[in-house]
Structure formats: structure tokens, C-alpha cells
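What follows is a group of structures, each given as C-alpha cells.
The same subunit A turns up in both complexes below, where it pairs with subunit B and then with subunit C.
Our next item is the complex of A and B:
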């Protein structure tokens, strides 16, 4: 409870001092601009960053699996290319597996996987960005961001989501054959532009999956997600929790190379 | 007892209108139940819900997210590359896409070229994605690539793509088995629109156990809706022919109709569902219900005298018939009640309600029939009665005299044929197969034949490996053992294909090493296996894995595809594996068990066979006691069992000889034989004793017994045989089987009664006090 009060207080102060001017500007934003800002706020905080991630995957039968990993990220340009280095710690028998991505919005990503048990680096095809990330209910796009130019955006209105003022935007894919949904709605915080909730609808128009941001904290001046959840109708859910989030650590490029898959940058993984 | 019954008869004659009104009222109450009928066509319900095998099946479905599946197969025998052309595959993708949208289909678990992941590495890049993109525009060359990739994947080969490259399938999991007929109809419509209307040369077939079972249920009700009324009509015409009096025959029909209405009404009001078995209740009850009426009307006909009051005639007819009618009804009821000794709920319900109906029919015959006759005006009996047809059929007489003359020979022949029959019984093949319930050219049967010709089999059962230790399945010892189990399974000829987590692990290893065959094997340590499988989750649909293993890796599921739905085949696999597992027990303290619809059918079949045996024995014993009581003599009790013993042995011996599978309908026939054969013996024996009590020449007595009493027996034989004839025109084979065997049972038990009983009575006149 105390934490939430603290959070609300922090968000309030933060909003008041920093975003008062920004939100005034935002009054005239188009749907496309709002989505772009949200993309930046959610996926491009700082020039780089690290976080420890814990995913609790619950399947439709209520059975839980836990995955723990450390994620390192470096942005090449804001809103453009990014590199991710994901080091798995748990479950114990996959400790040391590394997943590395070079993300190219609008293009094809490069993905590598390191399998320590056989000391093998394998490139992994990335044509399908809608497939599951590490067996969770999150897709690759949920984790590393969806190319904003793949959809058309429509501002449905301004709403309240809990205590927060939000923009409600409907996104419709330009090429519906590439995705499993027909459209998705997203609720974007009017002040810090974090997407707080997303709802995906299947081809029949039924709600298929809900993504929510459940806890936010400002870290190093950046509104950061501490806890989120994705729930698929009838197929279970995944809760993700972040801790020890830090930004602007000055990651060197060599962290994101094939070589470092075998020799992990221990310093950043503790 | 007889006095009380006679009082009931007299009461009906004194207050006929009250009695009729009362019965009509009760009938209305039972008829009101009919709109509340609940239908159940699921053969799984042959076993009670908490039967261990059903619980295990439910657990497996839950653990591995398994659903009953409809199999949609596509075959093109005419094209050189089978279905692998750009056009055919594109139509196939369109059909699949629309199937995914059908309500009740578990879209995420549909297995097809466009939805199921393949593991492949091209140019050093690991790729886990469906073989075919939904919208991908294909060339014929690409279509062949799809085929080759599928055939290289041990999981998909023979499951999605046939080994000969001519055929592909879509496995469509559905929420509930009972919607499979409806969904199969929707799929048919999609195929019509997407393939047939655009002139595609490929053929689509819809198969799978749920479709067979549910389609049977749907057709069953159609059949029963036709067969039962037709049977009723035929009985009506026959009786009209026998008695040539519309009103009297109408009265007997009222007894039959009320019997059916009461029994089915009570069944529905009691909350039972109408199952494959209980749907046959009306067609069983109608002929049995008129049997007593026929005896009554025959006797009434022969004694009718316009000078005498109807009251007196009915009293004297009842005086003669009340006892045999009571006993025949009780023994028939016992025959069907014996079905309650089987452990199969729908068979129990069937037995109980047919027995109830028999008792109702008897009571209506002795009360409702007299009430109606009393109310009929005298003129409706003009041209009726003994003055009209007293002619004794010379053929009947000759049969009786023949049996008396050749008594010894008849007994010798009977014994010889009994011996041969017993040998025939040892040849019995116990087997059932829901697909074989349909005619050879029925779409369900055709689909089954075509698909099982090309594929590893559309009949799925599951061999579950279960350990108490979490993560045990990742152990190389365990994966190796699973691989061995598969090797053994694949060596059994009825097994078409097996699939397990071992196949996935091997395939990943192979693709990781750029398709190096040396790595198509199970890794030697647990970590590698764990990391291989984790890798699958990175690229493929993780749910795919969890159809083969539980997320805690405590249990693994080996899919075993059989080429036929014959229970005997499943049984063969089960026995072979039991032997193998005995010699090669699983590692790490794991245990093994079976699940799946194909396996469930085997279990209830076993229960049915042994259940029927105990019910037959139990029923026969009770009837023996009743007969001994009725005749107050062990010798009589014993000989009245002869016709039914002979008939049952003969019928089942014949089943064994002609190689007809001993299945459910055949099994149920024993109850009918038990109940009906003894009826003939009762009427025959009782009348023989009455007539012999008057003394006189044996041959004269024979002539008398082979007069009216035998005529009544003949009429009953004809009515029962003929009323089951509509079943012969059914499109469903179990009904035809019942129809054919009914006729046979009637003929055999009739012959056994008239020849064998006469011969035995003739030779044992002394001990039988004749």
C-alpha cells in the first residue's frame, strides 16, 4: 500500500513538474504521433538499460512455469535500431542460454541463440514476430516493440483508466495476413505516454488477449514498468516483473556480438 | 394369485369406462414427458463416469490439452504429385482458414500445413514455423518443397502429409464430441464452396471416431423415427390378417402403444438419456407387447359364440391363459432384467425399461383388453369366431406327429448340432468398430478407408509415461526408453505411426547441426535435452510441445495411431505392450498406462462380453427356478430350459462360424432369446399338460396341442419376426444385425420348441407324468 502511495506521489510530482508543458503540447497530437511517442516511452528509455526480468507463465490448466533472465538493451537511434542481449538464469537447466536480437523496425531482425550444453551459437529465423517469446504469452513484438508503421492508427478519444488520463487508440494492421489479430486497442497515458493497456481482437472480433501495465515507477527520471501481464482468453497468462532497472550505463557494442554469447559480460548480469 | 388377477379382470369388465379413462390419463402424463427427451450418443457413456479408464482419459486430456478431433483428409489420386500443386494447396489453406473460424473448433490446436510448426534449418538459420504461410502465394515447385519438408519431419510425416505424398490432413480438435456431426456438416459446406464449386480435382474426406460416433447417433434417431412406426404398422396389418377384426386388433394395438408410451415416458421422467441402446426400446417392446394379446385373441376367437355373453367367454379364456401369460411375461421380463447384471449403464437402463414395459403390457392385456371388448357392440363381432375358421392346419399336425415318431433321431440331431455350435462359439471373435456400424459406401466408411490407406491411421490412442519426479522426462534414460517403446509399437502391424517428445528432440538436434544425420539421436545428458526443448519454445508454438509432455516434465504422451478402429486391433497392441513392459520396465520408477477413445472402446467391450456372460447365466438360473415353480417339477423346469439353451448355443455358434464379430447388438440378443424362447416352452408345456391330464391317445393329444396352441405360437413367431423386418432396411448395420438375428432366433426357438420339446416329452412321458 505504502509503495502505491509512494508511486502515485512520485508520478504526480513527476507529471506536474516535467510533463505539464509536454501535455499541453500533446493536445494537438495526431494518433500516429501519440503511438510514436508511446513506442519511445515504452521501448527506448535512456540510450541503454538493463533489467532483471521474471516471467511467471500460467497455462490454461493453471500450471505455472518460471523463467528468470537479465536483459541488456542498447539503442542505436531513438525509435530506430536496437540491440538486446537476454541471459537466462532460471530454470537451472537452461542457465547460460543467451538470446540476442538486432531489431530493425520495418526490416528483418537478426536473432541468435546460444546453447551452452553443446556450445553452439545458432541463428534463429525471425520472419514471425508474432510467435511466443521464451514460451510465454508475450510475443517478440510485445517484448521488443511493434513497428508502428505496420498499422493505421485512429484516436478513439480521451478516457480515464483508473486515476490516469489516457488516449484510446485503435490500431488496424495494414497487412492483416501477417498477424493473428484483426485490430488492437491501446490506452496510452496522456502524461508519460506509457501504453497502460492493450486489447487484441481476433478475426471474429472477439477479445483475444489483454496486455496490462500494473506497476510503474520513475527510475533515473524515466517512467519504467515494474510489472505487467498478458492474459489470453482461455489460454492462461504471463506476469512479468522487472527489478534492478538502470539506465544509461554506457554499454559497449562488443556486448552485443556472437563472441559475447559464449563469454557473457558477467559485470552486467549480476 | 390367480384369484386376485381374475378379480382385476372382472373389475375391468364391470367398470370398463373408468378403467379406460384411467389408462388414458396415465398415458397422457407419460406422453407429456416426450418433449423433455435428452439424447446421448456418446459411446464413452457405455462406461460409468467414474470408471478408472475414463478418469485416466480425462486426466490425459487435461494434462496434454487433448481434444477429440475430426480428421479432414485431402487426396488427389489423379495428379502426379497428388495434392502438392500450388492451386490445391491454396484452396487447402482457404479451407483451413475457414475451419478455424467455426464455433466449437479449438482454433489454436488445429493441426494443418498452415498452423502446425515445422522445425527446419536453412542456410544455418533455425526456423520453427508452419510449413505453409496462410497467404503465401505458391508455385508448384514451392508446393513440392512443402511436401519434402513435411516428410523430413518425423512428427509431421504420416500425420499431416502421407508418406506417398498424395494426401494431406487437417486435424480439427473440437470442444465436445457431441457437436462433431454439426461441425462436420459445416466443414462439408466450406469444402463445397472452396473446392467443389471451383472445380478442384482433389477429394475431401471427413473421418475420425467422434464423427462416426456422433453421425451414428444422428442417423440412429432418424432410423428409429421410421422403423418403430413402420414396425407398429406391420404388426397392425398382420394382426388384421390373423383376426380380421379392426376393432379387436385396434384394442391390441392400444395395448402396444400405451406400453411404449409408458415405458419411454417413465424413462424420460426418471431423468435418463435416450442412448443408442434405449432408442431400441420401442421396437423391442411393440412386438413383445402384442404377444399376450395374440394368445388372448386367438383363444377368444376360437371360443367366441354369439349366443354366449362376452363376459362368460372372457372369463373362461382368462381362466385358461392367466397363468401361462403371467409366467411368460415374468420370464421375458427376467430375461431383460438380467441385463442389469452387466456393468454397462445404458444396457442396464435398456434391460430395466424393456422389463418394465413387458409387465405393463401384460397387465394392460388382462385389464384394458377386456374393458374394450365389453364396450364393443355385438355387431362388431359378426363373422368372428370358431364357426368361421375351425380348420386345423394339417401341416401343424404333421409336425407334431413327425416329432413323436422320430423322437430319438431329433434328439441325436439336436445333440450333434449342439456340439458343433459349441465348437463355433470357440471361434468367436470379440470385436466392435464404430466405423463398421455404417454401410460400406457411407461417407464415414469411405473416408475411413481412403485416409487409412494413405496415412498412419486416424485412430488415436495414447500411451502415457508417468513419473513421480518432476523433470524426469528430460532424462536421457527416459527419452531413450520412450524411443524404445515407439520402436516396439511400430513393429506391431496394426500400428501406423507413433509420435513422442523423443521425435522432437531428435529433430531439433538434427536441425541444429545443419541436418547432419549423425545428430539425429537423443543427447546423452539432461541439460542438452532441456536446452533443446527450451529452444523450441523460442521459435515454435510452446503449446505444441505440451501435447507430448507436461510442463513439469513428469509425464510424457506417446501418440499411437492405429489404422483401424477395430477394438481387436487395440487389444492386440495393448497385450503386446504389456508383455514388452513386463520384460523392459520403465526407468526412474515410472509407470505406464493407456488413454484415448480407441482404448476406452476396448475397455467397455471387455466389460460387455463378461457382463453379458454373467447376465445370461444369472437370467437363465432365475428362469429355471421360475419354471420349476410353475410346473412344480424339476424335470419340467429342466426340459423347459432346453429350447432356449439350444437356441442361444446355436445362434452364438453360428456367429462364430460365419465370422461375424461379437459386438454389442449381438451381445444384447441373448437377453431376448432368454425371454422369448422360454415363452414358447411355457405355452407349449402348459397346454400339453392340460391336454394330457384329460388322458387319451398320445397322438390325439399331439393333434390337439398342435391345433390352437401351436397356432398361437406360430402367430407370435411371425409377428415378432416380421415386426423387426423394417430394421433390415436401415442404413445402420447394427440394426440390420438385430433384424436378421431376430428372425433366426424366432425360427430356431420355434423349431426347438415344437420338435425338440415334443421329442423329449414323448420319450420322457414317465418322469414328466404325461
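Our next item is the complex of A and C:
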């Protein structure tokens, strides 16, 4: 019995020690560093990845629309340039359309759209990153990530969100003319740095939009979002679900070229 | 529906019905889709020459199927089929045809092959084509069918080589002409009579024979320079419009031989996407412009920009020029009293489009304005997705021009209002 107590004591001390070091480490993080880590955790898991994405868009009158797509991603540098390949499966009238992005944080993205019915590869002007992605309540920036250097960050404190310990950070855009919000708050998981909740406030300071992460699972050692939701005050909501998430698949660069717009890489879309 | 068309429709249905259970299990498509559509266009111009008071009135069923055969898995093999059954109220007939039917695969990771009937598009213009010599159906576009019907399928073999630095596409196609104005559904200017006519009976068209040496070849060399895409184009084949006169007495036209050489650039500019494209079209049956019965060689230029104005609003502008070569010889060859075109013919286009209601409502227009010929074409269109499957669209084709012989001037009076309802699955 004594031995067991001793063991529990040692384990307890040990765990305590690990946690204190961890939080001591974390205590040293600035708001900017936390936001950068959150950006990496949410948008840069692994060196590449694929997921099936389903969005259920509900408008203010309760009408539902479904968007289903497969998303392939490759990171060129962690926190830097990324390539996205999005193959639309549903609704039927956009089946086979492909949307491809070369994301340049701090710069202008390159975007392409492929329309199979006319075999057309189109370049898409992409100045407005705050417009809706595929008619959902998510913006392009919500889907591919907002440039962290576009905002100033302020650590408002440590909180508890459900059972999770989180950092609460306020982000204020450096150029307010480019966005429809005045600032947004984000709750970032202290352990895995996933942003678990975001609240966007309009120019008058009223709550405009809430983004939440509702289900997380560790896949290939990477904490991954399985379900999330964005709700706009008085304007309905979009629920997003991810399926068959896989990381570090060794995507070749050729997947993210005109070649696979015209001939989709079916192997990765199944 | 006439008796004959009913019969045809029935026989198609019966064929489908009986072949379905016979299809081996592994031949069942991996993906199926398509739509049912009812659509029509009603004339509101003063045109009287064409037979009906509507340009088209039809029901359409489209079925597309993908199949990924196991034995071609290593080659990313894919079979694709897109077929349509069309109940055409204008022709009072039922048509069944294959729009696409092809096999595509990857060889040695470097080469993509696509063989069979396919839609082919390249180049940078918005509804203006310089180096894209693949066939188009302008009649469908001008009467208000869906934009996808602007492209006519080609029976082709396409071989694409993709290296890290550049790509080569080589396409061999069997000749397929444009569906250009001929009096079918829309009236047109008959250069022989100098009249606006509304029947396709008056002119005769002589197509190149389906001889292997008449296979057309198209080549594109492309690469990117950072964000800018550059391409070189080469084409050897025939004009897709009947721009040669075979016999003025019998009013016979033909499709002269043509080579084209061109290039294009496309990339970010002033916060939008700019494109520049040029091409030299060499009229091979009349290289020096000596023959007044065959079109002269031309140089074509296009410059365009698309801007994202924010709030799901897009603006597009294009300036397009056709320059006729050996113009002096052309001028001398124009018969007395006949209409003469300018050496430089330019066109401006303006496109504005916007999404509303969470991108379920789309409204926009494109305007073509001929600077030399003082003619215009205006095409507004609104579409609304009631559900993910059901879409309603409404639009108009409006033509105007000072003269009967110009591109859009000949179409004045053919103004129409089109609408369609489509259920996709």
C-alpha cells in the first residue's frame, strides 16, 4: 500500500512538474506568439493534408443548403505560403468544379476556377478576402486563414471554455477599411493552440458573428477540428464537418497546377 | 412532338431500359449526375423572316457518368460520358446525342492523354477567342441557351506533357465548324443578296472532306513566370466559319485553310487579373490577299482586366481589335455597291456581375460594343437557386446596329427574352 502511495506521489509530482513547466513556458508567450501558434495549429497541421468537407448553410428563414467538397493542402513553409485544391462534389450544378489557391500571407493570393462543362480555366480576382466562401457564412479568410500580421493582438487573460483552459485574445485590424468588423476576440486552447471560439464585433461594437469549434480529434498526432459552426446574428449559420482527415501524404507540386484542374487527381479525392 | 420524334424517343427509352440490367456490375458508373431542363426564348424584336415567334422551346435531359476502371487504376484512368436527349419544339423533333465521351489517363506520370469526344478550351478572353480555334455554337449563345452550349464538342486526341517548368498540349481534331448565323432560328445578313434573311436554305456550305490529311492540329506551350501565366499557340487547320466563297452563283461557301500563331499572358495587375493575347491568322488559300472570294489574313489583339469590387461584385473590361492584312487588295476586290469593312475593327466589352442572398441569386450582364461598326449586343441575365437542385434563370439578348451587314447589326430585330428552369441531380 505504501508503495502504491509512493508511486502515486511520484507520478503526481512528475505531472505537476510537467504542467508547471508547460504553463511557465506558456506564461512567457506574447499575444502575437499565441496567435501565430494558433494559426499554425489550425491551418498548417502536418506538411500537407486532405479532408472531406461538408457545409450545411442555414439562412435566417431556416432553409438549408449543402456544399460538399474535398480539400487538399500543401504547405510551402510553416506559417507561410500554402496551396489549396478544392474539388466540389455537391450541389450537383457545381459538381466537378475546382477552386485552387496559392495563398500568400501578407500578399495577394492567386486563385483559379475550373469549369468542367466548358473546360475553362479561369483566373479569379481575389482582392476581397472577406467575401463569402461558396455562399456560406465562412469568408475566404475563415477557410484559408487570415494573415496574422494584419491585426494587432492583445492578451486579455486566461479563461476556461468548457473544460479547456484557453487564452483570450483581442485582435484589432491595422487597416479597418479592409474588413467589415471592428475587432474580434478569439479563445485559444492552452494545450494544443486550436482556436476554439471567435467573436466578431461590428463597427458599432455589437456582436456580429460567432465561430465555434465543436468537435476535435487527434489524428496522426495532430489535434484536428471535426466540426465547427459560424453563426451570424439574425442571418443564419453554417455548420462545417470534416471527414477522412489525413496528414503528411507527400503531395507533389503537380497536384496544385493547371494539370489537375483539367484532370483531377482522383486518387486523393475518393 | 411529331409521330416520328415520339417513335425515336420511345426507342431510346427502350434501349436504355434494356441495356441497364445487362451492364456488368463493374461497368456501373462510379459517379452519376445530370439535369432536366425546360427552356425557351421568345422574340420581342420586329424580325419577321425566321419561322416562329420563339427562338427555341425545348426540354432537355442530360446524363453524365464517370467510371474509373480498375485495370487502369495505376494510370488514373477515367471514362467520362455526357449525353443528352432533347425535345426540340422549334424543329419539332427529338434529338439524342453524345456531348462528351472520352477516356483519359496518365502515362509515366508526365503525360496526360484524353481521347474521344471532348470540350476543348484555352486562351484568356472572356467570350472572345483568338487562339482557341475549337468550334463554337454562336446560335445557341445568341438565343439564350446555357453558356456551356457555346462550346461545340470535338472528336479529338489530346496529349499533354507536363514538366516542372513548362507544359505542352498537342491536340488533333476532326473538322467541326462553328454553328454561326445561317438563318436558322435567327435572321442574318446574306452577303450575296444584300438582304436580311431567315432561312438556312439559301446558302450551301462545303465542308472539308473527312480525309486523314484534313485532321487539324493545335499546339500550346505554356509556363508560369511567378504569378504570370504565359502561353504560345499554334494551329493548323481550317477557318471554323465559312469565310470563303466557292461559287457566288449557287451561293456556295467553304471553310478555307488557315494557320494561326499566337501568344497570351495573364496575371495579377492593379489588384485584378489582366490578360493580353494576340494571334496571327494566316489565310493559307489566299496568303497575299489576292483572291477577293477568300478572307484575308488577320492579326487579332485582345487586352482585358477583371476587378473584384468587393461584396461579390466583379467587373470585366476588354478591348479587342481585328486588323485585316493586305487591306489595299481587299478594297480593290470589293464589288461596287457592296459593303466594305474597315482595316481595323475594334470591339469593347463590359461585364458586371454580382451575387446576392448568400450567392443564391446571381445578376449580371455582358455588353459588346463595336466601335467601328457602331453595333452592340447586350446580354443581361439573372438566375436564382431556389434549392441546391432547382434553378431558375431569366435573361435577354438585345442587338442593335446602324447597318444590316455588321456583326450585331444583322441581328437587330432578333431581340429575345429567354428563361429556363433546371433540376440538377
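As a convention for this text, the second predicted complex is superposed on the first by the 246 of 270 C-alpha atoms of A that agree within 3 Å, B and C clash if a C-alpha of one lies under 4 Å from a C-alpha of the other, contacts with A are read in each partner's own complex, and residues count from 1 in each chain.
Operating definition for what follows: a contact is a pair of C-beta atoms (placed from the backbone, for glycine too) under 8 Å apart; a residue touches a chain by one contact, two chains touch by 3 or more.
None of these values were measured; they are calculated from a predicted model.
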{"item": "When subunit B and subunit C are modelled together on subunit A, clash or fit", "value": "clash"}
{"item": "First, second, both or neither for A:119, with subunit B first and subunit C second", "value": "second"}
{"item": "Which of subunit B and subunit C A:263 touches, first, second, both or neither", "value": "second"}
{"item": "Partner chain in contact with A:29 - subunit B first, subunit C second, else both or neither", "value": "neither"}
{"item": "Touching partner for A:254 - first (subunit B), second (subunit C), both, neither", "value": "second"}
{"item": "Touched partner set for A:97, first subunit B, second subunit C, both or neither", "value": "first"}
{"item": "Partner with the higher number of touched subunit A residues, subunit C or subunit B", "value": "C"}
{"item": "Which of subunit B and subunit C A:231 touches, first, second, both or neither", "value": "neither"}
{"item": "Which superposed partner A:66 touches (first subunit B, second subunit C, both, neither)", "value": "second"}
{"item": "First (subunit B), second (subunit C), both or neither touched by A:108", "value": "second"}
{"item": "Which superposed partner A:40 touches (first subunit B, second subunit C, both, neither)", "value": "neither"}
{"item": "256-264, 310-318, 328-336 or 400-408: stretch of subunit C that collides with subunit B", "value": "310-318"}
{"item": "Residues of subunit A that lie at the interface with subunit B and also at the interface with subunit C", "value": "59, 63, 65, 91, 93, 117-118, 120, 123-125, 127-128, 131-132, 134-135"}
{"item": "Of all residues in subunit A, those that touch subunit C in their complex", "value": "57, 59, 63, 65-66, 90-93, 95, 102, 108, 110, 117-121, 123-128, 130-132, 134-137, 236, 253-254, 257-259, 262-263, 265-267"}
{"item": "Residues of subunit C that touch subunit A when the two form their complex", "value": "31, 33-35, 68, 76, 78, 104, 106, 112, 114, 118-122, 147-148, 150-151, 160, 162, 164, 167, 222, 227, 229, 266-268, 271-273, 275, 306-312, 314, 355, 357-360, 385, 387-389, 391, 422, 424-425"}
{"item": "Parts of subunit A lying in touch with subunit B, wherever the complex brings them together", "value": "59-61, 63, 65, 88, 91, 93-94, 97, 99, 113, 115-118, 120, 122-125, 127-128, 131-135, 177, 203-204, 235"}
{"item": "Contacting residues of subunit B [partner subunit A, same complex]", "value": "62-63, 65, 101, 108, 121-122, 124-129, 133-135, 471, 474, 512, 523, 525-528, 530-532, 534-535, 537-543, 546, 550-552"}
